[in-house]
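Input: a single structure, listed below in structure tokens.
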Amino acid sequence: MNVDNDREHPLIPEAREQLTHGLMDRREFIRLATLLGVAASSAYAIAGVTGPAMAGDNLPFPAVDPKAKRGGKLRIGQTVGRMHDPATYAWNEMSNQTRPMLEYLTMVGPDNVVRPMLVDWWKPSADLKTWILHVRPGVMWHNGDELTADHVAWNIRRWADPALGSSNLGLSTFVALTELTGAKDAKGKALRRQLPNGVEVLDRHTLRLNLSQPVLSVAEDCGEYCTLVLHPSFVAPLSKHPIGTGPYTLAELRVGERCILKRITHMTNGQPFHYWGGEVFLDEIHFYNYTLENATAALASGSVDATYELTVEQLELAQSLPGVQILSVPTAQTLCCRMQVDVKPFDDIRVRRAIVKAADNAAIKQLVFGDHGQVANNCHVAPIHPECFPLPPVVRDVAGAKRLLKEAGYAHGLDVTISVGNNDGPWQQAVCEALRDQVKEAGINLSVDVMPEQRFWEVWNKVPFGATSWAHRPLGTMALAQAYRSGASWNETHYSDPAFDQALSEAEASINVAERKIKMQKVEQILQDAALMVQPFWRPVFSLASSRVHGYQPHPARQIQLNKVWMS
Amino acid sequence: MRHLVIRRVIQTLLIMLTVSALLFAVFDSDQFRKKIAVAELGNFGAATLSDSDYQAWIVSKGLDQSFPARYVTWLNHVVHGDLGVSIEKDVAVSTLLKESLSSTAVLAFYVFLIMIPVSLMLGVLAGMKEGSILDRVISVIAVFTTSIPQIATAALLTVVLALGLRWVPTKSAMIDGFSFRELLLPLLTILIYEIGYLVRMTRSAMADVMSSQYIRTALLKGLPYRQVVLKHALRNALVVPVTLILLELTGLLSQVVVVEVFFQYHGFGRMLFDAANFGDIQVIQAATLVAVCVAVASQLLSDIAYVLLNPRLRVA
Amino acid sequence: MNALIQQTREHRRSWMTPAQLIGALLLIVWVPLMAYVMFHQALGIAAPYVLLPSVPAVLALYVMAIYHWRESWVAVLGVTLVCFWLLVAVTVPYLPLLDPNKPLVPLALPGALKHGMSFMLGSDMRGRDVLSRTLWGCQRVLVWGITATSVAYVVGVGLGLIGGYLSGWWDEAVTFVGNVLLSFPVMVLFILVLNVLGQSGFNIIIAVTFSSAPIIMRIVRGLAMQEKSRDYIQAAQTRGESALWIMVMELLPNIRGPLIVDACLRLGYTTVAITTLTFLGLGLQPPDPDWGLMIKEAAPVALLWKYSYMLLVPSLAVTSLILGFNLTADGLREMSQRD
């Protein structure tokens, strides 16, 4: 499906202009055009490059491999969690188990480009405050109902309901569907309520979002891991009454053990089921509970065919395994060794700057990930983000760090402790240890407090100095809004700077890329100058699959998508 | 004899009661209750749980009553088999327990099946002639195998049998149903320690008997060695090992935690470990109660067996 | 064993009995080690020096032990293994080793010479020297193991003396508490205690005390009951000594033989417990090395024959220490039976 002109966003022609004049590179144009509603294939075409082959026009799935064979089961090793309520899933693995069954409104591909899924097009207004979403016609639920705009509206209203407590309320789109009530809860947190007219159903397949502030990331937000679309008859737990739109349904779930999904042939009303997304190949998808440490061993002895993730420590081992493919993808996943700006001694910016100056980001990356991954700039915007302004690399300056420490009154050394939970793997601890060895040269004695994962999650935003792992987000502004805006829900540094908030809001509201990049420069620079964190790198994500598995693509947000995967 | 058993049964019941009260009291705090409330009310985290919702939930659950009243209600549920629901797994705790205990029972069955004949035989052989070469060899090996922690055994067995020789898979999740090949590593890990331990105990019991006055006399009287050993010595020497084997039921419940976690075997130990890590309170309580039940029962059985088997005590 | 006791009696009049000497030496080893491992930060600039007096103390203990126990090769072998690790624990800061926590060269095979550094036992997946980590690792295992066992002993012996000597209601109460604790399978008790109290070295001490003290109590109680009717106790009672004095100064020294054997065994069990708990992630927390942690970290990585040294080295280290404790106990028991 092509985008006809009356649905094209007014900024697209302008962007096309910038592209022709070299003000915008092709990748940026594609990213911008897709998030403003141009189909990814068209965007690639306008930009004059060949995009990744897709299964069909306006389909989010990769092209069908002509050699693909139907049948077989794929066994994946990952933690198997409960499937209670997709909107309140606590970890990504749960959504992996659900994804063959329930689907998103949009899908962010392995190339970090968003594509239409259950909505087949979207269109924002010029001020980015009103978005039209068009629900894909002909999508059937497993019970025989057709997916309508009413169903989608029910889901969006649910995500934006503060009473549900979904982590989706950390996403700008759904925040913009609420307003402050003016009241505060017992802990002093401002209470929010849903906008009365935030989600409007226009007709059977069209709905309109009336947002309280401009949001650029509506399409991306609708593909985040907790936004799986449920049938309005949903009652938790999902595992008891699964109704979805995907090609598979749940056959068996044993938490901590296995999750088995089988292909749907007939709907519950007896009619044959036609999947909207074309052909799927696997008969069954099995998830078996192997933790990160055990999954590789399980694959090595043939108990599973693919794994959720390969830790970097196991890379060398995996390379020596026969008949195994190692897959990797660049991501915006990172570790922020961040300091709280209102706790001694980090309330003194000279101390924070000294720590940042004493660290050598490139050396930490080299030590932990070797030649993989990208060096980061302590400002939490990744090169893979379309709006990233490339700041010059941060330079290590031990003498400068010592000078700053002396000025701050720590001429004879400074003792600090960093807390780390290793929730994404022991490499997190390795980063802290490398940091410890580096800052030692500036006279800072850093002790590393390694906590059990469970305990770390109880204190992650309370410790004065902690290493928090941040997941991938398709846009850079998404993480900045969640973590560094004054009073944001996950503002773990307690950073609050009106100038930063202002700059971020301006960047978020601007679509003109040349302009937005310059605005992002200001945002990134303010954050970097505030010396909130040592954020050494963007890590790659690795996963493993047996060579019998075809089309298993690693995803920057570790979302497993299996529609076109086949087994030989 | 009957008096002794009755006394022990009463003691056992008292212990169970105390343990249940302890277990209830430990997890009867606001922190743990909130966790259950959050799970039942379907919220994302304790932070989003409003105070009024929580209070209403407490009243609806009858948790606003006094401590003894709450304990009696809870105990009543437990005694009637209502062990609650796992908040991690959305399953009734009793179902979970049934499945995990049966997996562990399979493992335990093979452990006992192999351990009892092997270790009794080796122990008797070693103890028969104290100080002989055979005794020395068996004793040294037994001391060595009881000195390797199970994590080390498990790791070494994995390296040699699964990765070096590729005889067995590295993990024992049994994803395609029961398979003896997958059971082998956990089984061997437990056996290596258990056999060593039981051999040492049997050996010392046998050695004690062989050096006792009546066996020496019997041998001096010219009775054939074979007959003395088989008819007189064995009977007395096996009293202690048999009681120990019964007690090993308890030891096994400890060991399966490490072994099942290491090999990802879905049994009782792993369930308890996962529940403890997740803070799945009702599963922890139920699993501990079951473990304690098994332990006190095995202690009781072993006491009774000791009385029954020991001729001197039986007469008295 | 009896040789030791006899010696004690012969030397009663000298300024320090051998038993007191051994006690003093043990303290000189253990107190600095404990301070070094548990309260390293508090020691400040004194940290590098506190272990110096422990070195001769370990050597003196070793010489005394092999002299007294020379008749049992089992005990000598056992005590040699234990003293080897004790010596490593007190000298490791002074040995020319690579930094145990510093990533240098990942996955260097044993014997490799890379960047001018020699990795005799190889390096782990993060590039840390396995030899150095193994030697440093024994500090944590020994210190926490010995401390936990000692605390369990103080509690267990105290309760056992109360139960055995005072009898009556005291005995009933103490025995019942012991029975309740013993009705938990050990690992279940550990998991419960460490989850309710949180995961730290000090809570391991509590957990070990909960599981070991009741057994020690039973042993002491039995011995005390036997010993209670002896003449010397009755003499002391007639002299009008207080119950506390009789229990600690008269009774305890006379039942220490079997207790020393049990203590050796129990040190072995505690070592197993500590490494296992670290492996399960319930015990001591990284980054400082200990053997359980090394096995935990290596288990997912050392899945190829050529990397198995990462598992092999810490496994053998912990086995040799436990073997040392077990052999010592066996040797002592054998000697006490022979006399």
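Every chain is named by a letter (A, B and C) in the order it is written, and numbering of its residues begins at 1.
One rule holds in what follows: a residue touches a chain if its C-beta (ideal position, glycine included) is under 8 Å from a C-beta of that chain, and two chains touch if they have at least 3 such contacts.
These numbers were taken from a predicted model, which means no experiment stands behind them.
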{"item": "Maximum centroid distance from subunit A, chain identifier (CA atoms)", "value": "C"}
{"item": "Pair joined by more contacting C-beta pairs (A-B or B-C)", "value": "B-C"}
{"item": "Inter-chain centre distance, subunit A versus subunit C - centres from mean C-alpha coordinates, in Å", "value": "49"}
{"item": "Between subunit A and subunit B, centroid-to-centroid distance (C-alpha), Å", "value": "44"}
{"item": "Gap in Å, rounded to a whole number, between the CA centres of subunit C and subunit B", "value": "25"}
{"item": "Multi-partner residues of subunit B (each touching 2 or more other chains)", "value": "158, 163, 170, 277, 279"}
{"item": "Subunit A: positions in contact with at least two other chains", "value": "294, 297, 300"}
{"item": "Set of subunit C residues in contact with two or more other chains", "value": "299, 302-304"}
{"item": "In the complex, subunit B residues that touch subunit C", "value": "11, 14-16, 18-19, 22, 26, 143-144, 146-152, 155-156, 158-159, 163-164, 170, 250-251, 253-255, 257-258, 261-262, 269, 272-273, 276-277, 279, 284, 287-288, 291-292, 294-296, 299"}
{"item": "Residue numbers on subunit B that touch subunit A, as the complex places them", "value": "42-45, 48, 50-51, 86, 88-91, 158, 162-163, 169-171, 173, 175, 264, 266, 270-271, 274, 277-279"}
{"item": "Of subunit A, residues touching subunit C in the complex", "value": "292-294, 296-297, 300, 311, 313-314, 316-317, 320, 367, 415, 426, 429-430, 433-434, 437, 447-452, 455"}
{"item": "Residues of subunit C defined as touching subunit B within the complex", "value": "176, 179-180, 182-188, 191-192, 195-196, 268, 271-272, 275-276, 279-280, 292, 295-296, 298-299, 302-305, 308, 311-312, 314-316, 318-319, 322-323, 326-327, 330"}
{"item": "Interfacial residue positions of subunit C with respect to subunit A in the complex", "value": "41, 101-103, 106-107, 125-127, 198-199, 281-282, 285-287, 297, 299-304, 307"}
